[in-house]
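Every chain is named by a letter (A, B, C and D) in the order it is written, and numbering of its residues begins at 1.
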Amino acid sequence: MPMPDWLRSRRGKGADTRDAALWSKCPVCGEVLYRRDLAANLFVCTKCEHHFRMHAYDRINMLIDGDFTEIGAAVQAGDPLEWVDKKTYPVKIAGDKEKSGLSEGVVAGIGTMDGFEVALGVMDFHFRGGTMGTVVGERLTMLLEEARRRHLPCIIFTASGGARMEEGMFALMQMAKTTAAVTRLMDDGNLFVTVLTDPTTGGVSASFAFESDVVVAEPKAMIGFAGRRVIEQTIRQKLPDQFQTAEFLLEKGAIDMVVDRHDLKNTLVRLLQYTSQKQVRALQQVQDKL
Amino acid sequence: MNNSIVERERGLLELERRIAELRNANVSQPVDMSAEIAALQQKYEELQREIFGHLTPWEKVHMARHPNRPTSLDYISQLDRFDELHGDRMFRDDPAIVAGFALLHGRPVMVMGQQRGRDTKENLRRNFGMVTPEGYRKVQRLAHTASRLDVPIVTFIDTKGADPGITSEEHAQSEAIAKCLYEFTEARVPIVASIIGEGGSGGALALGIADHVIMLEHSVYSVASPEGCAAILWGDATKAEEAAARLKLTAADLRAFGIIDEIVPEPLGGAHREPATVVSTVLGSVSMALQRLGAMSTDALREARYQKYRRIGAWETERLEVIGTSR
Amino acid sequence: MPMPDWLRSRRGKGADTRDAALWSKCPVCGEVLYRRDLAANLFVCTKCEHHFRMHAYDRINMLIDGDFTEIGAAVQAGDPLEWVDKKTYPVKIAGDKEKSGLSEGVVAGIGTMDGFEVALGVMDFHFRGGTMGTVVGERLTMLLEEARRRHLPCIIFTASGGARMEEGMFALMQMAKTTAAVTRLMDDGNLFVTVLTDPTTGGVSASFAFESDVVVAEPKAMIGFAGRRVIEQTIRQKLPDQFQTAEFLLEKGAIDMVVDRHDLKNTLVRLLQYTSQKQVRALQQVQDKL
Amino acid sequence: MNNSIVERERGLLELERRIAELRNANVSQPVDMSAEIAALQQKYEELQREIFGHLTPWEKVHMARHPNRPTSLDYISQLDRFDELHGDRMFRDDPAIVAGFALLHGRPVMVMGQQRGRDTKENLRRNFGMVTPEGYRKVQRLAHTASRLDVPIVTFIDTKGADPGITSEEHAQSEAIAKCLYEFTEARVPIVASIIGEGGSGGALALGIADHVIMLEHSVYSVASPEGCAAILWGDATKAEEAAARLKLTAADLRAFGIIDEIVPEPLGGAHREPATVVSTVLGSVSMALQRLGAMSTDALREARYQKYRRIGAWETERLEVIGTSR
């Protein structure tokens, strides 16, 4: 899978630093894996099938046929609360940009998957733990609005530790903002799919992640509203290992399917196919009016 | 949990009691004590101003959690009429949500509030106002019914947050809250929300998407509880006071941010000192907002609601900039 | 509460026979009660508050201000399966008409409650155990359609042992037919309230009874899908007494409220008031178009 | 539970085995056995006609319950493609309902079927095809999704009835079924239902409101199981055979009544003798119905569905007659 130029250029310095590491150790089975082999296997451990957390552009590269037209990349975090603790919020952001090679916690845009045009948003845990602040909310809202305008299906990959504390209530309100955009998209009959990757919790989990037509999850992904630690503190006992895993949620009826990363693109493309006739009809109606 | 406001008002309450005793004694005794009473009264007022004249964010958190602070039922009981509706129609009736049809100043509304207890027994029954998925599904159901029947929605928010228990996770707490947001966004009727105590995180927002959001002066509304925020950011829940200051969770902050629409002032000492007045002022504000919103068409109402939330936190936005198509 | 002439005339011979009994014994506490006292107390035991099963016209008399314009009274049961066991179906029907003073298992019509015009349907357990056959389905559908036409709220009192076996699939299909009519009524924004009285089970319970905006129940009413005996046979053990009672369902979140019969009319009128403005607006819009 | 069809086909299967053995032997042996084989074959066919040429309603009940009869998954597995979707998003995934997106002859559909097991282990997992409230809520959810996305709905019905357990009652089985009826009535897309085995009561109808209803020749569809009907009416479940005869639960009866729309014939001996053919015939019928229904406008489709159910069982109706206004 060669990396397209546009993608390589977007990765910037941080990504190069990260890619420079020759090997990674699997956090589950301890196996030492060459980065190159790991990347070739879609960042799934070749020994134990553990799904590593993926970088947003790796994910996009895995899914999108060719070009990917980003939406909202220029939207950058402000500092509405003028937050300071050990560092100021802008310093934290700058650090995460450097470290992750990303401009924020989500990459959003339009591209095609096996020929199907789709609006795609990919959250990235490497940027402030995938927390949702105003940039994540704004970019996803722009994505959802653009999908609606163009009668496109929308797929969002979630990875989030919850709302971003340093943006306070502005962060919480992104749940409302994204939901409003989701509502309009779905009212128009567009397909909306979410793919929950490890971890998906808090404000992301309790908004668009569970508002979609089809909720897909990656194997073993941790998914829940409250964090594990909070629950353990509340009930004063350890939780079983499988609690809040994708498999647990499947049994509890909360999600539609758990899909191995190797089957993920094909699965998503099939979902797009089931609803593509509707999209075609919607587009035709728009053109008929012109 | 210690409440600093409860601690600090103890001396004041003692002083109040003494003034009242002196007044009573003054009537029946020959010696005139008026001067002493006036002096005490003056001291009382100074003390009151000193304690309550300026509250820090952390003090406001304690004020918002004050055990005597008016709860949702204190507001609901002052409506012209209330018929409680129960249950999610599937699994359970959650007592942490009190909801039903009501008349507010003669106007039919669907009212729903988060309800904590006044004492341990009621707190256990009400789960300290922490709502379970079944409670949020009751909210969804009634919001949907209200929308269909063209009855405006009035909510009262007062919760530390959604219930974080095992069963709540197993019953898809995330989904329950998400679908509340969805239902409130979709609703074809005016929605007015009032944050009367603590507005904690997504569990509060589930009842908080509204065309008009009112906050009591000393209520707080935040992305996480100060304790939770301190634990998340600094691994130390005892730094909650610092978190409270940083989170900008006061009514004044949020009004300035455009996240809430109206502040209802509280008497010196807090809402619980004059509950009847506070309740009636809030209900008056709700009523006025409903009157204004009721004049809007459904389409205009929904568009305005969309734009209101669409704008929040959208600085430095370019509408749609295209980059990265170099290939 | 004097009985209106129209009501007295509708009762016929069966009702007179029934009314001739001077006293009734409370099936719960055993108290012997004069019929006259019992009627004056809305057929609630003066000693233990047990709610007796009511006759449809007594119920209508208790709720409706004055006149009650019946709908579908002329719709009479056919015999689509040409059913015979110990008796033919028409003979069974004739017997129940005689015994109950009713022409079928539901009385439907339009009247006013404290001045609010309402479409009211009242099922009666005394006619073939309140089973739903085509007449019950047809009369309720006519009622729901008339409510829709006239922008009226609709209240249905249920009392049913389930679907009527002797009409086979025609009986089952009444679940679909009534649901279709309910759907249209509710889509138009009309209030729909059901009051579940003892017993409400099977096909009635699993259709319009639980499709309403507000589900009210009378105290201690037995409400469920499967009958108690069926469940006991399946699980091979006795069920607790309170299982499937209205109070049990309230706790389980299935119903909105349990209302004592003495408060029932006032409660229903309040529900009508909450939504009356909507009805007025709907009527005005119709008139504006004329 | 004894199955009379299983009993009666035992002799036939034995005969079949012997004919096959003889045929095999005939190839390798010098003596020509063709005459004997033909005789046996003739006897086999006579016996087959005798047993299956005319089935009583009670025999059809047993045919519908035959353990080898094709189940929902046998149909679903023959679709061009199937992506299973799970869960009610709230409480549990019910394995007695198998549902998801599929392609039928290239056409996207939302398929949902009641699924019983082939053996004890799978029957325990699938609860013998008796659906719980969570299963019906999965159906509701996916019917709603299909309607929004403009994907037609295809259902397969095969159940003794809805699950009658304590937990199902506690989770509001009635409400779950009622809301399925509601959702199917509301759906803005074509619905085709096929009764492939036993269609028992409201638990079957929950997936049965459709624009086109297909029934296999030996399937049954009834207001209650014959055993249940006999118990209700005569307090004696052993009179089930009599009840089966009286209930008019066969495909031919229901076609004559206008309650179903199409009968798909079965091979002599029942669908399980030639499952591939039966499955493909049913899928062909579903596909043709979808093609016809797909040509209708949404409004026309919904109006036709309304009128279809509106008509059922409406004899001797006067449209609106007013009596009793004598006062």
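Assume a contact is a pair of C-beta atoms (placed from the backbone, for glycine too) under 8 Å apart; a residue touches a chain by one contact, two chains touch by 3 or more.
Since the structure is predicted, the reported quantities are computational estimates derived from the model, not experimental observations.
Would you mind checking which chain's C-alpha centre is most distant from the centre of chain C?
Here the answer is chain A, farthest from chain C.
More C-beta pairs touching across which pair, B-C or A-B?
Result of the comparison of B-C and A-B: A-B.
Just give me the whole-number Å value for how far the CA centre of chain B lies from that of chain C.
Result: the chain centres lie 42 Å from each other.
Hey, how far is the Cα centre of chain C from the one of chain D, in Å?
Chain centroid spacing, chain C to chain D, equals 32 Å.
Between chain A and chain C, tell me the centre distance in angstrom, where each centre is the average of that chain's C-alpha atoms.
Taking the mean C-alpha position of each chain, the two centres sit 52 Å apart.
So which bits of chain D are touching at least two other chains?
89-91, 170-172, 175
Which parts of chain A, given as residue numbers and ranges, touch two or more other chains?
Expected reply: 210, 252-254.
With touch defined as at the start, can you tell me which chain A residues reach chain D in the complex?
Going by the criterion above, the answer is residues 186, 189, 191, 210, 213-215, 250-257, 267, 270-271, 273-275, 277-278, 281.
Enumerate the contact residues on chain D facing chain A in the complex.
Within the complex, chain D contacts chain A at residues 81, 83-94, 101, 103, 108, 134, 138, 145, 148-151.
Give every residue of chain B touching chain D within the complex, in rising order.
Residues 89-91, 133, 137, 170-172, 175-176 of chain B touch chain D in their complex.
What part of chain B is in contact with chain A in the complex they form?
Within the complex, chain B contacts chain A at residues 162, 164-166, 168-175, 177-179, 181-182, 185-186, 201-202, 205-206, 208-209, 221-224, 228-229, 232-234, 242-243, 246-249, 254, 257, 259, 305-306, 309-310, 312-327.
Provide the residue numbers of chain A that touch chain B in the complex, in ascending order.
On the chain A side, the touching residues are 4-7, 9-10, 66-76, 78, 80-81, 83-85, 109, 133-134, 137-138, 141-142, 146, 162-177, 179-184, 187, 202-203, 205-211, 223-226, 230-231, 234-235, 239, 243-244, 249, 252-254.
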